[in-house]
Amino acid sequence: MVDVGIIGATGMVGQNFIRLLDQHPDFEITTLLASEKSAGKRYEDATTWLLDSEMPESVKDIKVVESNPDKVDKNVEILFSSIPSDFAAKIDPDFAKEFVVASNASAMRMKPHIPLCIPEVNPETLDMIDDQQKAYDWDGFLVTNPNCSTIALTLTLKPLVDNFNINRIYVSTMQALSGAGYNGVPSMGILDNVIPYIGQEEEKMESESLYLLGDYENGVVKDAPFNLSASCHRVAVINGHTEAVFIELDKEEDIDDIKSKMANFQALPQELGLPSAPEYPVIVKDEVDRPQPRLDRDACNGMGVTVGRVRKDQAFPNSFKYVLVGHNTIRGAAGASILNAELINERIL
Amino acid sequence: MVDVGIIGATGMVGQNFIRLLDQHPDFEITTLLASEKSAGKRYEDATTWLLDSEMPESVKDIKVVESNPDKVDKNVEILFSSIPSDFAAKIDPDFAKEFVVASNASAMRMKPHIPLCIPEVNPETLDMIDDQQKAYDWDGFLVTNPNCSTIALTLTLKPLVDNFNINRIYVSTMQALSGAGYNGVPSMGILDNVIPYIGQEEEKMESESLYLLGDYENGVVKDAPFNLSASCHRVAVINGHTEAVFIELDKEEDIDDIKSKMANFQALPQELGLPSAPEYPVIVKDEVDRPQPRLDRDACNGMGVTVGRVRKDQAFPNSFKYVLVGHNTIRGAAGASILNAELINERIL
Amino acid sequence: MVDVGIIGATGMVGQNFIRLLDQHPDFEITTLLASEKSAGKRYEDATTWLLDSEMPESVKDIKVVESNPDKVDKNVEILFSSIPSDFAAKIDPDFAKEFVVASNASAMRMKPHIPLCIPEVNPETLDMIDDQQKAYDWDGFLVTNPNCSTIALTLTLKPLVDNFNINRIYVSTMQALSGAGYNGVPSMGILDNVIPYIGQEEEKMESESLYLLGDYENGVVKDAPFNLSASCHRVAVINGHTEAVFIELDKEEDIDDIKSKMANFQALPQELGLPSAPEYPVIVKDEVDRPQPRLDRDACNGMGVTVGRVRKDQAFPNSFKYVLVGHNTIRGAAGASILNAELINERIL
Amino acid sequence: MVDVGIIGATGMVGQNFIRLLDQHPDFEITTLLASEKSAGKRYEDATTWLLDSEMPESVKDIKVVESNPDKVDKNVEILFSSIPSDFAAKIDPDFAKEFVVASNASAMRMKPHIPLCIPEVNPETLDMIDDQQKAYDWDGFLVTNPNCSTIALTLTLKPLVDNFNINRIYVSTMQALSGAGYNGVPSMGILDNVIPYIGQEEEKMESESLYLLGDYENGVVKDAPFNLSASCHRVAVINGHTEAVFIELDKEEDIDDIKSKMANFQALPQELGLPSAPEYPVIVKDEVDRPQPRLDRDACNGMGVTVGRVRKDQAFPNSFKYVLVGHNTIRGAAGASILNAELINERIL
């Protein structure tokens, strides 16, 4: 078993890390880090548990320590980071001096030599790590995962990019409340309402997707050769981002072939049998009214992305549309970092 | 005062007609039509009132009659129709033999010689009426209004079409529950959820928009010379459709100019001062997180469409994006028929 | 393994039976019954699956048969019934002629010789079965479980009745949407709203509770010697009924003692180790803002009832108050029938 | 016209004051007070407007001043206060030295010589003002209104207390989100959920109700001679508190008589024709499923309380039950202070 720790353990994403790592076959939580005011308390006493499953017994008695590398036992190999981006900009690199950091924060994404990685999409970016350690003079290293809405989208685009030539992509999201953090969206703001704006979300989707689907050569990522425009909106859903996708290809392709390429998509995590990797990460549904976030977010324990309504776009040549649902706090956050860590554990540690 | 009647008066759209026509300066409700089981009852006794305003006193004692032209007093000049499409296919033409029918039903839209009209967008289609009366041998006539999601979109597109050259449009909707009728969406289906499918909605948006924005010549409409692709979704909002719009023009245009063209848009109903016409039917907001359905649906008593987030699309040349909110049961249904009737009253009766 | 069948298998409660019986240690679903229009189809083809977990593989290929005792294989021992009350009034007795019927329907509750049973509360009522078979001349027999809101309440009252003398009870409910069936509550009716009425619910709670907590002697139930008044309301919650309870005892009791009696409550199902019985069916929480339906409905796989805010009632002598949450479609419906069947299987079959 | 000001003008209750005072026949807003950071700005620039009606033109250009009595023009006669209780404890008395303060804050309620007043219920408590000015050596004075849930309840109890003898009252609330302030309840906490706890709410309801319905003699209030127990819960409703009420009288009374006493209730504000007073402040509905917060909260512009389901309590002698809905931010907050000010204006100024 690999000893792991969680930075930001008392927050909602931190709680999701704990839930997902409980009973993990390879990782054992030994260290929980949080702010000064929680330090020294038992985890159970320091935390208002927000999830609908019970707090795992195994963490209740762990004494929370301050988010400082000196406070972490040297046996710990991997630290999962789930702190707000402004803190992460300083704290994640601090820990990367000594430890492997799998971070869900946006602060360091796409910085030079820092892999932004989805194991099914661009695992080759882990090769940046050598350069990273040299460039920053770190003994540990830092791997990031993309934004929640980007991950779900990119997982469904990867089998398309592998098989077809994309000209352009438009995506319109209907994102869940949990993406904004527990206190992010007041109930007065969203009940009987839609909020048509999520700060920096469109920018992240547009840039991260092209990076993830681009080519990695000689330590550098070259963006994918098409563009993507996003419009991002918040709806009254607890968990599970829904995205409407419009794609123009360079030539007409058969809809059944497109569906089949998605449904049969497998990649490195599936080959390696990584513990959190679904056998088929993209599920394609034929029912006319799926996917729906409440019904489909938990597919493959929240690590699958469900696609439906794959249909020809009658308005434009060589075009088709679909809708996807992915669990934003599992595949889109904590589960993404864990899958990265599983790949690191298999390939590097 | 013009005597008017409502076909389908006990249903939710019928109730909206009543609410909007109460205190109307030119129209007076004298006749309420409904199914056989309601016929003969006082309107108050026949109806489960579903709106959050009170039932107007003026209709409570009206005796409901069966939806049959023979039951309608000859003094009635205009009948508003708000019945399900399969019934409307037979009933609307039946009434058009003798009366002016302003119908919200989809059954007869875009049929030969039947105007599908938004007074701000294509009032010239009312010229079809002469041909219509000859072709069908009617003494009355029938005018229809578009689908709720189409109306809101087309109102915002009209000033663009008038001033710029559009290449392509993508629109992704987040539609309110009331669009499906009172019993249309079970609460078990939509709470903490999105339903990514609305039967026939995408088809209607794609075809009706091009008709509305097309050219009317010699009694025939020629579709607008661009295409539009829609993806339609239901969210947990009572009233007010939200739509994310992506537009590619033929050349770069200034965003402020685009906003100004929308905000200053006025057309025939504004010139004529039709009672239900807002002074400016498109409201442009600068706040980063508007429009929102709960806050903006009632703009101009529900007859305005609110636009926000008008922004350059960084992903594609000559492109921009925006979000709109329109009240689906007012501007998108009952109010649309009423505005058509006001135009007819001013120009034809 | 005991072969079991489900009457009303395609409906929402039927689906809950299937979900709960999948992987059951003693029961195996071999027969699925539904209306004529589903008969002859594979279960997967006949059913719109409404739950957020996947349809179990084991039932997909079962051919649905009509709800007629003659269509059921004689190997089947227990039939679970989850059909609307008006159908159940005829169908449940029909099946009881030959089979054991564990019914969630209200039709036959508290009829002479028909046990209305919660295994933790009044298992002795199963002794009625001999008389039942004689009285109705049945080879099988029929056991019913109470109404969803009654079950949750009564489970928490049982340890109180066993230890204290109750003078009076007031209960005010905030009930979940699923209690009304999938199509029971339109979304237009409940979003941003409360519906302060549930047909016959108050009557059921008031009469069933006193029966369940009464004394069983010589084949007859004598109601508990206190009264209970209920006010029942529907709120925008998918699953999980919340109930506010006010109790007056005959003398002052210690709040900690009351909590302890609830938290340590165990009864026959716990002694027998019935598969669906939680070790402690009443969970008592100390957090000031619990129980909450979304966080607590799944306690003990939905078979536990969570109590919180047990506090002295400062307004009245000898009085205290608390709030409870129970899962209405598990402990309050399908799970209730299954626990009855487990008790029958252990004690009678 | 009386010049009035609003302390806490940029907050949600402050905005409600502005909305309700716009077009008021006797009061004119001339002064808007807020925190230091808003001071000096135009109101429109200082405020994120949260209501679904537009910000009145008349206040947009008013320059916000700091909440300090020295900053207020001496022409101002009445200040409405809607600030958090901990600030109000200091600020409200500060202003009362010079001005009339109508406060919605709980800080000073039921303090010696400070009237806690609902004009329909206990207008005689305004007689305390002389003593108040002497005791505190103020030139102005301070009048408070009760808690939102208390006001709605007490208005319905007043005609009962006037006509019958009450033995005991139990009330269970389902309260709207706006009662907690705009940021009070995170959406993650309440969607698909109930929160069964509102800090200090039960204590306020239990004590304030007895004060309001008590006897005022010689400058002192003697609590009403019965008790009331409350259990308070938050539900996913934007505005409008729903309350289930159980009442035991000293003898059997006719239900129709009880309804009639409520429906015909009129008091001093009705006699005086105060501008915000509804003709009949308690509306009694006969529909089985009313009142509902979304449909009934706006009755009498939010100043009426709607009662329904008035029914005999079969469980207990001399008992009956009902459900009420009142608008918590209008009749329960801003509107309550305004009605107090209207009474003061009529009787004292």
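Labels for the chains are A, B, C and D, by order of writing; each one numbers its residues from 1.
Here is the rule we use: a residue touches a chain if its C-beta (ideal position, glycine included) is under 8 Å from a C-beta of that chain, and two chains touch if they have at least 3 such contacts.
Just so you know, these numbers come straight off a predicted model, no measurement behind them.
**Q** Average the CA atoms of each chain to get its centre, and name the chain whose centre is farthest from that of chain B.
**A** The chain farthest from chain B, judged by C-alpha centres, is C.
**Q** Comparing A-B against B-D, which pair counts more contacting C-beta pairs?
**A** A-B
**Q** So the centre of each chain is just the mean of its C-alpha atoms; given that, what is the distance between chain B and chain C in Å?
**A** 47
**Q** Centroid of chain A to centroid of chain B, CA atoms only: how many Å?
**A** Spacing between the chain centres: roughly 41 Å.
**Q** Which chain D residues sit where two or more other chains touch them?
**A** 191-192, 236-238, 294-295 - these are the residues of chain D that touch more than one other chain.
**Q** Under the stated contact criterion, what part of chain D meets chain C in this complex?
**A** By the definition above, chain D touches chain C via 168, 170, 172, 174, 191-197, 206, 227-229, 231, 233, 235-238, 242, 244, 246, 288-295, 308-309, 313-316, 319, 321, 323.
**Q** Over in the complex, which chain D residues touch chain B? Could you list them?
**A** So the residues of chain D in touch with chain B come to 51-53, 191-192, 294-295, 298.
**Q** Across the complex, what residues on chain C touch chain B?
**A** 12, 50, 177-178, 182-192, 236-238
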